[in-house]
Amino acid sequence: MTTTTPHEPPGESALALPAELLVRMHENMVRARCLEERLIRMNKQGDGYFWIGGPGEEAFNTALGLLVHKGQGPAYDYLHLHYRSSATLLAMGADPVDSLRQMKNTASDPYSGGRNFCNHYSVRKWNVVPVSSPIEVQFSMAPGTAIANKRAGGRGITIVQGGDAGTAEGDFASCLIWVSRPGNELPCLMIVTNNQGGISTPASEQHGEKHIADRGKAFGMRTAVIDGNDVETAYRALEKAMDYVRTERKPMLLEVAVSRLYGHSSASGANLITEEADCITLLEKKLEERKILPRAAMDELRARTTQELLEASKRVREEPQPDGSTLYDHVFSDRDLVHDAASRGNGAS
Amino acid sequence: MTTTTPHEPPGESALALPAELLVRMHENMVRARCLEERLIRMNKQGDGYFWIGGPGEEAFNTALGLLVHKGQGPAYDYLHLHYRSSATLLAMGADPVDSLRQMKNTASDPYSGGRNFCNHYSVRKWNVVPVSSPIEVQFSMAPGTAIANKRAGGRGITIVQGGDAGTAEGDFASCLIWVSRPGNELPCLMIVTNNQGGISTPASEQHGEKHIADRGKAFGMRTAVIDGNDVETAYRALEKAMDYVRTERKPMLLEVAVSRLYGHSSASGANLITEEADCITLLEKKLEERKILPRAAMDELRARTTQELLEASKRVREEPQPDGSTLYDHVFSDRDLVHDAASRGNGAS
Amino acid sequence: MATLVQAIRLALHVGEERLGVTDIFGEDVGPPLGGVFTQSQGLRTAWNTPLDERGIVGTAIGLALAGQRPVAEIQFCDYAFNTIDLLKLAGGVSWSSAGDYNCPVVLMTPVGSGIRGSIYHSHSFDAQATRLPGWKIVMPSNPLDAYGLLLSAIVDPNPVMLLPPKALLRAKAGPDERIPGEPDDERALAKMIDAPLGDRTRWRPEWPDVREVFVPIGKASVKRAGRDATVVTYGRMVPLAMQAAASVASEGVEVEVVDLRTLHPLDWDAVKASVKKTSRVLVLNEDTEITNFGEHLVRRLSEELFYDLYAPPRLLAGAHVPGVGLADNLERASVPQLEGVVAALRELVSHQP
Amino acid sequence: MATLVQAIRLALHVGEERLGVTDIFGEDVGPPLGGVFTQSQGLRTAWNTPLDERGIVGTAIGLALAGQRPVAEIQFCDYAFNTIDLLKLAGGVSWSSAGDYNCPVVLMTPVGSGIRGSIYHSHSFDAQATRLPGWKIVMPSNPLDAYGLLLSAIVDPNPVMLLPPKALLRAKAGPDERIPGEPDDERALAKMIDAPLGDRTRWRPEWPDVREVFVPIGKASVKRAGRDATVVTYGRMVPLAMQAAASVASEGVEVEVVDLRTLHPLDWDAVKASVKKTSRVLVLNEDTEITNFGEHLVRRLSEELFYDLYAPPRLLAGAHVPGVGLADNLERASVPQLEGVVAALRELVSHQP
């Protein structure tokens, strides 16, 4: 039965983060939460057909976005994300309005031109490869970008992330095999964000692993299981994991306990679930206790962000939809965009 | 890097087997070897288009065939085998001439009517499900027959066997997941016959696992790694493994070191490789040392069997080929054969 | 009157209670959800699987080979494309073993667009499915056919795939499409067999005493008779074709609508008879148009009825693009719409040979 | 004169030395074997993968997205059917991201029957491949086309699939199908680039200084001109069509043979021009006949050239059975043979409209 009791020793990883960083993380987490809540609203009001997203994963995903070595080409990190990664994107600098655009499937949606569901990003300039709906396929692709990272020599690594239920797909096992070939170990950080289940199926019914991360052990991989609801643990553990992968150029498997605060997706109602730990509440408690931010400031941040996104969503509503005549655009590329960028060797942006 | 140094303690599993059983195993191993050698000859002489088979795996596979709880329907063992299982089939009672028929793709080939390659068996009356060429798909099917075994209640188990390289396919991981669902553990014995490589690719280049069997550990599965070239170890370890699976109704993963004495297949020449351990030579040494069988008797057995199979191959050469007009036969079944048998609950044969 | 999804649930109930179905399984198919479309709520033998489509198909084959009667589900056909090899194997069990084994798997997977499902919840599967020798492929366009085809699938000794169109799952039965034994009142039925919202741990369905109806595999149904042109179609395109036929009927054009119901083995006699009569044919489906099953129909029609045709046979199908785009304009430009069907019919009947 | 498999090897050599290919990989593709058909012997960037087709396709996509130029191989197309979802994803990278990324993967996989490969070494892949929007699909029938199409595939910014027919791998080039720069003597070439039997650890190939020839993707080739009928075909069926054409030529019938070379995007102009001229058409391939790419050609021909045709358009393809059976009689009954092509041509030209 899969459980995610963290087994990271409390020492180093629980070290307090600097106040400034906590404030920065808090801001991003709130923005991400408000964004998701706006997306949910839009969907409920008929401004978008489907919602799926990451409320409950903001602490870990914000840490990830902040720690990424961001840029274009194999000297930088590649990100193979899934549909719960909004906080990562925002922490990297994405404009939340672009997410509203994708929800409303406008022509201006930079991730898919109104073709894909919300939270299905694609950002070539930051090595964020296209998110697609089929579960776990990103794990079959990650070894490819990791080979490029290794070849490039620098500190760039490949980060691939998915949910717990999805690890039952063979592609998760493929990734374990391919990143740990003897003599060809790859700098790949495999992340499982474990919210204890799939759409409705509890992990405890389907997964005989004590920890999913244990699956790495047979391959001689370093593994860790951490609490992703605590920003400090998340940040420290991720920093440590990334440092190992960057420096040793070897794979690691990291399992992260997270919450799912609005259920699976709009298909299951997208209503707030109050029983699960809320990483923002937990952080705000710390911020108050440590007197880093007063309650009022945090409330104000949330109110202001909510308001800004509401207004933005109204503007997005007026943006044009893609025209039917554009249907065949980009079926084929006429330029080798990824190769041009890589051979220009161009960089952080 | 995959190695198959056995880690079974020498105690119990190395216990000598009764002389009578050793003689019986020897006879089957020799018959299997002679059969494979005949198949190789037939192929080289143009009496068949392709050879693949099991020389080098006779010790373990004979033990398997002898220990199977043989019969039809879920009260008996199901066997998901691959193309190196001739010794298992012969030990179960298969007629070697049927293998010659499949090599010569005659209409009389009972396994496929001249449609499939040699050593691709199908024996419904013994729960041997059809062997197919795609590597590792048997591991995706095994949970299904194991569910039926569990449901039937008795001592019947599912045995699924494949090579080492094939464990890189996702289907091997699927099997690990499906047979170890908490509360729904299945009586399934997963066997990896490890000959240290695929067609030409050494396992040491591609597999980061110390032991492939270790992959079961994350799932709480019992595992073992044994030397399949020694009949006594093979028999004892398999007996023990089967007993565990039969009694506990839980899965187990068994890794077996074996040799590949004629290379991968006719595509790679099918010539004798003298560097690898030969399980028959090893057994014959024991039989001589223990004075169970004299050299001459063993030589005579081999000569006689070789001669018999040569003669049989000549007869098979005269058997008719399937007619082109039968092409569409059996695309659809008109009867539910497997269900009828199961519901008759009929038995050992 | 049952919706199409309720009809499936009723058939599964009859299957497990009277026809020997042992396992109804797939992702989220068991309690508490009972399927992402409610199709398996309240069923005794329904269970949840790991998130692993290959495991689902493989396990279904294993169960079938061990004399069980599995009904497996792939949650969306969009997620079945990593199992084509296993589907091919299932189709080859009998043939490859020269009849030693059969493989009585039933596989259900919802198909098609029309629910704004974007790239990965809008795929069709008819082209893929008809490329699987050894399988029978059925595709209902209404609740009664879904019920009766599924019962026939369950008792068939071969692998049978049921492809319910997602956009029709909530479609209600027409007056003559009643399942014998279902309550007259649709709210009564919902009360009996639809799981309540919220906690379901103590809920049990109350099954109506429906009777068995076996819609034969391999028999098309003429949904509307006409003399001027034939539309050969199936699934979600059937109601669209009916609407289009009704629309041109007001212009005095009588269109015959043939609902194939079974894609393989095909009711060629029915298709041929209709086209012989009308001499004009539109083949209609929503799968992508290159190497499309409708092209098989056009090919056979061209080969066998060339001189009976007063106009070139026509295929209306989905655009050859990687998916159905989310935005309305994109979905409409991707898959056949009413206007397009009407326009194609007008052109077909006005064509002068 | 290079064989088709040597031509592929030469193209891969040019690819890795001059066109930026970074990775040539697949099962047994690297040393010591260099491919089960010798296709990748002696190549600098060739490496062996785990036995995992999904990993191969996935890794190829990852490499491509990171600006590498991968050439991946699936050992036999028979083992690519568990990767259709990943192939679809590769084809959708550009479209789904609205042009943010492209995905320059080259995938090679040998196809077809004719080597007595039984059920799992005889599959065709043309129907599947043409159902992958976003991919370009090429299929050579001779060494020079294999060489030139592969070079074009390597420099194309899109996913391109090369489907070499297994039965033609040892086929020799015709006199005008030379790769510029290859040695005149075929034994000389073999000596330079074929790995020796036995220990190869110290062997290094000696590459001839071949020049680049880019056979354009999307251009068919008329292999034989004729006025009486057109055969539209590709891959292994091209030599068969040529033999059949030669055979009926002795009866005074002039058959035009169009080798598509690229299946998608299709050279429709070439097909159309030929059929307009001859008014009779046989489409020929060896994939199973239901939902077959040849049916796409027949459909477009029926729709667009209905009144130009003096005889029903005809498809000759493989039988709809789960595999090609091992026994000679079964293989011959499954896939088109010379007699069948000749008979179809005779019937086609003798047909009275």
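Each chain gets a letter, A, B, C and D, in the order it is written, and its residues are counted from 1.
What we mean here is this: a residue touches a chain if its C-beta (ideal position, glycine included) is under 8 Å from a C-beta of that chain, and two chains touch if they have at least 3 such contacts.
Nothing here was measured: the structure is a model prediction, and the numbers come from that model.
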- request: Tell me which of B-D and A-D has more C-beta pairs in contact.
  value: A-D
Message: Farthest chain from subunit A, going by mean C-alpha coordinates, please.
response: B
Query: From the C-alpha centre of subunit A to that of subunit B, how far is it in Å?
result: 45
Separation of subunit A from subunit C, taking each centre as the mean of its C-alpha atoms, in whole Å: 37
Query: In angstrom, rounded to a whole number, how far apart do the mean CA points of subunit A and subunit D lie?
result: 41
Message: Give me the residue numbers in subunit A that touch at least two other chains, ranges are fine.
response: 112, 114-116, 132, 134, 168-171, 174, 177, 181, 205-207, 331
Task: Indicate the residues of subunit C shared as contacts by at least two other chains.
output: 49-50, 52, 54-55, 79, 82, 85-86, 92, 95-96, 119, 133-134, 320-323
- prompt: Okay, in this complex, where on subunit D does subunit C touch?
  reply: 54, 79, 81-86, 88, 91-92, 95-96, 119, 127-128, 130-131, 133-134, 264, 288-296, 298-299, 302-304, 306, 309, 311-315, 320-323
Touch list for subunit B against partner subunit D, complex: 49-50, 105-107, 112, 114-117, 132-136, 165-166, 168-170, 198-201, 205-207, 267, 321-328, 331
- request: Using the touch rule from the top, collect the residues of subunit C that touch subunit A in their complex.
  value: 27-28, 30, 32-33, 36, 48-55, 78-79, 82, 116-121, 319-323, 325-330, 332-334
Query: In their shared complex, at which residues does subunit B touch subunit A?
result: 1, 168-174, 177, 180-183, 185, 204-212, 214-215, 217-221
Residues of subunit A touching subunit D in the complex: 73-74, 78, 80, 109-116, 120, 122-124, 127, 129-130, 132, 134, 137, 139-149, 151, 158, 170-171, 174-175, 177-178, 181, 329-339, 341-343
